[in-house]
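The same chain A turns up in both complexes below, where it pairs with chain B and then with chain C.
Showing the complex of A and B:
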């Protein structure tokens, strides 16, 4: 809109200097490890350079429109310290795995404290390792998919921070035709005021392979304000299937940035679901690239925002081949003074004919001070496409409440039922049954505890 | 649906307006923009000091503001402000008698069919030729009711008490770079005041014509409709096809007082070398209704997002928009709905058609601040793509605070299917005719909102644009 104020475009040398001190201290840069392969050290150096030169998010950047910029500032962060034995015991105790988890991993302050490949141990066709280890032993496989897509939705500086930092996470590679039953379950815990962690998840499903993964992000205590800058790279090759779920449940002082890039190849299917319950501020950027004919991407998100939480979500559905499909459904339930921002773009490239692309964002406002911002966008350059987007914002209607009260349900219960039903419509799309049940339970838990 | 040659010629003249007369201007501010040019305009118009200050301040704002290319098309960088003339006029005041209009100007408007239209169905007409109005007339019975319909120069000179109160208030100078530019060099445009309770039965019409090359037209329109009054205003615009880019940057402010109704209809058919960068906004007071009916067929780049600020309880705002982008054109249009009172409702319906390598963009903003209740917005954007090289984009932004509102937005993109075309061809229509029929069907429910004369003209324009678009 023409009334958007505009900053100057020339970077101010002072702000560069500030970026250096503020963001680099945060990155807790690792001393170059000569054991690491050359390509990885180069990537770290490149990330370092980007971190210094890239500007901070600013108001005039459309990718940061409506965002509360001060929440995105990464200053005064501390490197994660090695956890104490008692803390390790505590997180192991508190990490709830489902009975049929295919593999179990627990990270505390960025370090693996439980590595249990479970049923995947020694299984042919599956590589499931902490990422650091994979970089050393499976270098070329990692390299082929690691941080290939950049961060086109505004978070380039965060991606640079991640790349330069002491990252760790999971490398999961499923070879051609291999199907993994159950889900790989990963916990990321953090503790310590201003501690920054950099979880990285890299999942590759080769031709006809099939894998499900869930990640939980949890705080060890309710008061330490931590920061997570997570990157998730997913690649589904020809006919491969990946289902990825992130359940973000940090304490209310912490901040979470997650940059996701999903590449869906020929006839492959990807399903990504972001559930946001915790944190003071969460920013997710999710890119889905449909690169092969018949590719199909499902993008889901459930957000239950209360207090002063701000959930800022940016998505891009990029159709780059013929006859591809993408379907996005994001739902936000807002209470108190919370804010949500949804900015989604469907981009259909030249030549990506016969694309079917859909995008829906629904906001259910439960208080007079909550704020929902929606920017559903379309850029269509091809022929014979079916595209639509819809966005609604509203509240529970009095008629619905009346209907339930007439059946003896008190108004407050009726409201909860309707809101949960609203969110469950998204959760029900998660295919892995145990994961779905767990997500249901955590959403209900927050709902009952936080929303009166 | 083929056109006989006479119809074609008539339409060609009306729609393209691709002819011009030799330039001989008495008043020419020269090329480029600086404080002196702004002074020149003030001097020619013999303006009051406050207005001179207003213009000079606006010039500074314009110079300080960057181009909004961080979100808008980079094509804006092709506007060379120093290669444009900012004021061109002949030394006449706008006349009320058609006979007194200078011959070449008269011929221009006669070829465009203005006098017949006035006789047929208009309550008043203003015709602007480059920077100044050449002709301005209002029917006696309308004038008798106290309706004022003059050009901006006259309005500010003769009725400062009426117009100064709202002038630059709906759209402040600093709203955007081009509103600042307009505020510095504006000339022409309509000033309308409708007294309380007066319902103007027939539309008032303004006609804007650019005749000169490398010229910028900057008209400024302010319409104030007092309590319980109603008016319909229509504007049409054409320019000949020159080799160089021409700039049109208008500011249109509407004020609808309590219970008032304004309908503002635009059929924009600039030739496709015109940069059409227009700021249009209305304030609707209690129970007032403002409707923008906006149709963009011409121009090289149009950026226009008519807005309504609903300031009073139960105010209503509506934007109905049709855009057609052919090869070499970018129609970047949309709507802004700012809800600022309880129980306000707004509706946006936008249909765009991209033909050849044309690009159409919808950009919208809906804003509902906190502590209001009962606000509603409905937005629908539908896009039709004709060829595989056409492009369409949609970028709405919706902010809702609080839990007592209902907002919905929907958009769809579709294609004229090969089956549809084949079906009609089987029944004897040519491919072009079939395409034209499909497109007319796509916009038909919106075209019906237009007054009869305009809907006929629009249909013809669409037929013309669709010719040769296939195959």
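Showing the complex of A and C:
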């Protein structure tokens, strides 16, 4: 993979002492926290080395094709400052949890301001902890999954930035046979001009375990241009099930990078859904590795782009074992001068026979000035595979609008209903009912407030 | 029916001329449907029946080049598509569209909501109760409320769904465009029953059909024969039978004579 350092050796921190990166205001290696285990400090040091040595995203890199590169430029990012009491009170007030949330977490500028494991408290088979605490107390469990997959889809430098930064996030481990009702709901808030936050979510589901998680990304105020570089590591071990939803709703000046690595073991199921409503620029990279026979990954995304928003999404469906399934459905509704980029690859390894792999990207253009780019791809090295990929772009059909208007629904409402319907078809795949309803509502809200 | 129709309680189409892509389809079309009556329009394919239906609903592909349409004395052609519907015009589509991701219930609810004054909300419980009752009349399973509008519906299910919408929207005038096409005899009976249940002194119907079969179940007061963009003959319900027996060639020969 281009620009992904293969060197796993740990550099001498001293050799990096004078290293600088334009990406950070404080251009110095963070002081390693001596309380944290050695493997983690080494990971931080390696990340720092990668951050200062890797080049910025560039035009010639296929992984950045069609991207507006200036939006990906990080310049003197500020560390997140500790929030004021009044800000904490405000985010606690504004974090909307569903009535049957299994656990509730709120982060503000990277600090946990609400840690409520709810019904998971003391529950056998469930470990649900802020990441830092998990690293201290569950070291090996975390180490087995934390940032194991790198960032093969172009975002290596962002992953390095994340790895070098201070810890922020949740570790969730569900042991064999444990099914969690309701969803674990996590809010990430940020504030401060050019402030960066680095949420990390690590979820492990063992055999016959079942867990649902939703993360919300929200701005404290409508003007601060914050940057989030979020990483999610999802490991559905043999027979385990994970459903993960990310709802990105930052203000229109902020930028969001999310790098997701999902590993799906034997007979395991993973479902990931990325919903993008807010931000100026969002880049999501989603890797699904089907590593055990019978693994099944559902990859979903819902994007409602307006104004000058750019949503840039790169995916890889990597089939590495026999009889595995992956099914990707990404939908973009575009308005105004917004842009979307979808680049997806299905890769079937030699020996991954009887693979079923599907990839669909659909774009609904609500304006002549909006631009949707799709780059589907296949790389098949096994026999007996069933693969399909397709992308379509089009406008709302006049006949459909006429039909709704002929029932008395005004034209602008008709267009909204049809576009919402188009997006609903992805949202409806979210299994956690309350999460699904909440996503429906937030998408609808953006429609009412922003479109036309 | 011998007395002059009351304009304030009629759908009056006067000298209506319509073209699409520069081709004239309706050529000085005249028809008056008073409330309380069911008029049928029969005619061969390509004679302008569906054009008439779409023009009444306000389809923008068609250009009205002359004439007028008054609904209870109000200028229908001055209204937009959705305004016409809210004012009481209903078109049951020959080929209803599929709207993926929009549930049937939400669709009908939005149509009802559009009829309420600003700030007033539909009573959801009463709405569902009413809809379920009407679905039962049409022998439609309750699951159709949650399914996407017409998506994956059979031909018959789509037509029942059109009639369900008509029942829920309670129009002043209903135009049924080839509602019998794609229906088997059982579905046809159910659909006809639904239409008949809505017949009242306060509602007019215009039933457009190619075949007489539908008119055995929705018995019209007047039958019109349409030919080349005009009505060329009108009569009682027996005219439909005569047409069925003699075929449209008969009309053509009579016109030539």
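A few notes on this one:
Here is the rule we go by: the second predicted complex is superposed on the first by the 425 of 452 C-alpha atoms of A that agree within 3 Å, B and C clash if a C-alpha of one lies under 4 Å from a C-alpha of the other, contacts with A are read in each partner's own complex, and residues count from 1 in each chain.
Convention: a residue touches a chain if its C-beta (ideal position, glycine included) is under 8 Å from a C-beta of that chain, and two chains touch if they have at least 3 such contacts.
As the structure is a computational prediction, the values presented were derived from the model and not from experiment.
When the shared chain is aligned, no partner comes close enough to touch A:33: not chain B, not chain C. By the touch criterion stated above, A:386 is placed in contact with chain B alone, chain C being left untouched.
Of the two partner chains placed by the overlay, only chain C lies in contact with A:425; chain B stays clear of it. In the overlay built on the shared chain, the residue A:61 is in contact with chain B alone; chain C does not reach it. In the superposition on chain A, A:378 makes contact with chain B only, not with chain C.
Of the two partners, chain B and chain C, it is B that touches more residues of chain A.
When the two structures are aligned on the shared chain, A:417 is found in touch with chain C, with no touch to chain B. Taken in their complex, chain A has these residues touching chain B: 1-4, 6, 8-9, 60-62, 65-66, 350, 353, 363, 365-395. Contact residues of chain B toward chain A in the complex are 65-66, 68, 70-71, 175-179, 279, 303, 305, 336, 363, 365, 370-371, 383, 385, 387-389, 391-415. Interface residues of chain A facing chain C in the complex, by the touch rule stated above, are 397-400, 402-411, 413-414, 417-418, 420-425, 428. Chain C makes touch with chain A in their complex at residues 57-60, 80-82, 84-86, 91, 93, 96-97, 99-102, 106-108, 110-111, 114-115, 148, 165, 169.
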